[in-house]
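Chain nomenclature is as follows: A, B, C and D, assigned in order of appearance, with residue numbering initiated at 1 for each chain independently.
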Amino acid sequence: MAKVLLFGPLRDLAGWRERDFDGVADLASLMAQLDPELALAVNGPGVQVAVDKAIVRGHALLGPRSEVAFLPPMSGG
Amino acid sequence: MAKVLLFGPLRDLAGWRERDFDGVADLASLMAQLDPELALAVNGPGVQVAVDKAIVRGHALLGPRSEVAFLPPMSGG
Amino acid sequence: MIRLQTEDLDIGALLNQFCLGRTDIGGVVSFTGLARHEDGQVTGLELEAYPGFTEIWIEELVLTAGQRFSLLDALIVHRTGLIAPSQAIVFVACAARHRRQAFEGADFLMDHLKSQAPFWKKQHGPGGTHWIEPRSIDYQDLDRWKVSPGGANK
Amino acid sequence: MIRLQTEDLDIGALLNQFCLGRTDIGGVVSFTGLARHEDGQVTGLELEAYPGFTEIWIEELVLTAGQRFSLLDALIVHRTGLIAPSQAIVFVACAARHRRQAFEGADFLMDHLKSQAPFWKKQHGPGGTHWIEPRSIDYQDLDRWKVSPGGANK
């Protein structure tokens, strides 16, 4: 099971902020379980992925308690 | 009569801060009345002259109530 | 020191505390980012962070700035949650022996916060809400700090 | 607003007052110059202005900066008299719609105050007193703001 967190416009698009996904051994299998519109958006320009609070690029294995966060373009200050 | 003001190291050099000078129709005649060491210093690098709180360069006439200030290199902040 | 908080920032108290009793500092540069009203087009900003991730990201940014600009101290306090116009969004302060380092440190921190820091900002107005992304000028500002392969600044 | 004063500056109150209730400002950059202790080599600074001349000089500087950097507001409060280590010598604040203008305005004001403003600064220490003149780096900093004949910044 992996916990998925959505931020910013991704959250508004999906209509949820946090959700658990079962049977996801890696990022690719998690992506396959996402709603198609959300899957498209998280693959969009400028969206970064963090697994257990570290940015990952491309392939990433997920553990039974992994936290996956999809981070659209950021702006502080 | 003109009032002369000295600032910064010029004041320490002369030993006074403010003094009235009589019979000075222009800057040159005022300079001639200054103590030689002070006259040398006010002609030194970076010293500016203000007459009635406006910077002057070279020749300047003085009125009966003129205020002449000798301004050595400045540093605020 | 870095901090995220949902309460209104007391920027004066933060600045006083930052400078208090320091005899080694020559200059302190602070930046305060305020929420604008935009002639009534903005009723508030909603800022979201990723708790546990955002703080560490900012800590690393502050460490980088501290080394690069020989800072004696640095502070970032950032609001999250709902922010009303005229309230502070962020307060940054940098202390250094000489003023140029302090100016560059604060400038560097702000450019990175604006277009890189893990925050998401939603603007509320009479016409609804929308998410704010960095402007192109923000990315240009950021590019000023890129170090060329030779090691010198651009 | 500009002010010379012999009393210790309350920089926090100055910053709060400067930002209070402003809904048009995006960014405020402040600079605080503090008297350093220099490992006991400095027991205090003595600052002198030319009353009636220094204020007008600073007013003109602020007007120039305001136009050049589209500042929405600017503040300079400068100490005169005897200043103890860790006390503030000067507080400068610049407000603008966007942060780059505010940073550049404050930077410009400080570079001009450091090497051009009508103040004379005497350092007191265990070995006696001496007058402080701008460092060569201060003149280099100032040169950054010179506008070339073509009208573009260097």
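The rule we apply is simple: a residue touches a chain if its C-beta (ideal position, glycine included) is under 8 Å from a C-beta of that chain, and two chains touch if they have at least 3 such contacts.
Predicted model, so just to flag it, every value in this text is computed and none were measured.
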Review point. Where the centre means the average of the CA atoms, what chain is farthest from chain D?
Key: A
Exercise for review: Could you tell me the distance, in whole angstrom, between the mean C-alpha positions of chain A and chain B?
Suggested key: 74
Check your understanding: How big is the gap, in whole Å, between where the Cα atoms of chain A centre and where those of chain C centre?
Key -> 26
Exercise for review: State, to the nearest whole Å, the distance from the C-alpha centre of chain A to the C-alpha centre of chain D.
Suggested key: 48
Revision key, fill the gap. Where chain A touches two or more other chains simultaneously, the residues are 77
Practice item. For chain D, write out the residues touching at least two other chains, lowest number first. Key: 33, 99, 110, 114
Check your understanding: For this entry, which pairs of chains touch?
Key -> A-C, B-D, C-D
Study note, to complete from the structure: chain D partner, complex, touching residues on chain C are 10-16, 19-37, 85-86, 88, 97-100, 102-103, 106-107, 110, 114, 137, 141
Study note, to complete from the structure: Seen from chain B, its contact residues with chain D in the complex are 5, 7-9, 12, 50, 53, 69, 71-77
Study note, to complete from the structure: Within the complex, chain A is touched by chain C residues 33, 47-48, 50, 52-53, 56, 78, 89-90, 110, 113-122, 131-134, 138
